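Inspection log for the structure reproduced underneath, given as structure tokens.
The chains carry the letters A, B and C, assigned in the order they are written, with residues numbered from 1 in each.
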């Protein structure tokens, strides 16, 4: 557990990156809502997966529990599957 | 000292992700947004994982972080490549300022006929 | 003996290549990040056709993925006979210089390692 009185610099860094990642999530949400085409929205899904990996890493730093890295491994695998599935689906829809 | 290094790695990783998100909002078409996401976001994730490994120097953490880095590096370009190809097949409108589109020229010359595999042609699109 | 020597040479070239690639990754990432942050756009995008002559399929996959990981260039498609690849590039100030850079720097190094 990182307390501001034991590690002042590191706790500032962790909270600063939490702020950055939250702003990025809202930016991604904007593009997800207004994206003109379907590939735009799928691309944003990739970005959100990276951001969630970053949030998990920040959480590991904040709590001092490296167990949560397992979640990052699972997300990194799953988002690739989702990407490929969407690409295949779009490809078949184009050929129709 | 270690605290400073870990902090700098964390902040730079978060800033790279922020740049990727700003790029997603600001850039003008799908391909350029893919540029921003595949590289900036994966570089940010790698930097932040390096921070975790430095702060928790245990074998299990290092191996898990290496797994995440390998998955991200191996899968991000493949996913971006497939999505970009499909976007070009879908004729997603490109932005302004393009100076050439040689892929469209090649398609117009009928050079790209073998791109669609027989396996995909055999699947009935109505069932999807 | 000669086999061991060529294997060691290949490993040595692989290490050199990883160093070169990391340098390229950082430099071009910073360039793209600078271009995104500053409001004035320097972009000159386009799709370029680049001829490749790699025999080994592993080498082709490595080349395509490495091009996609470098900021500023993204492999979009490949011709059916695997002789040309189509790259979406962000900074196409000089088309010949771009093609020359990919062929001379990336492709030659990959050919030395894999072929």
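Definition applied: contacts are C-beta pairs under 8 Å (C-beta built on N, C-alpha and C of every residue); 3 or more make two chains touch, one makes a residue touch a chain.
Owing to the predicted nature of the structure, the values given are computational and were not obtained by experimental measurement.
Summed over C-beta pairs in contact, the chain pair with the top total is A-B.
Chain centres defined as mean CA positions place B nearest to the mean of all protein CA atoms. Averaging C-alpha coordinates per chain places the centre of chain A 13 Å away from that of chain B. Chain A and chain C have Cα centroids separated by 27 Å.
Chain B and chain C have centres, each the mean of its CA atoms, that are 15 Å apart. Chain contacts: chain C has no residue touching two or more partner chains.
Listed for chain B are residues 22, 34, 38, 42, 76, 78, 80, 85, each touching two or more other chains. On the chain C side of its complex with chain B, the touching residues are 25, 29, 32-33, 36-37, 41, 43-49, 64-66, 68-72, 74-77, 79-81, 84, 86, 88, 90, 92, 95.
Residues 16, 19, 22-23, 26-27, 31-32, 34-36, 38-40, 42-43, 73-74, 76-78, 80-81, 84-85, 88, 94-95, 97-104, 106, 111-115 of chain B are the ones touching chain C in the complex. Interface residues of chain A facing chain B in the complex, by the touch rule stated above, are 7, 9-10, 12-14, 16-17, 20-21, 23-25, 27-28, 30-31, 36-40, 42-44, 46-47, 50-51, 53-54, 57-58, 60-61, 64, 66, 69-70, 72-73, 76-77, 79-80, 83-84, 86-96.
Partner chain A is touched in their complex by these residues of chain B: 3-4, 6-8, 10-11, 13-15, 17-18, 20-22, 24-25, 30, 33-34, 37-38, 41-42, 44-45, 48-49, 51-52, 55-56, 58, 60-61, 64-65, 67-68, 71-72, 75-76, 78-80, 82-83, 85-87, 89-90, 92-93, 116, 120-121, 123, 125-126, 128.
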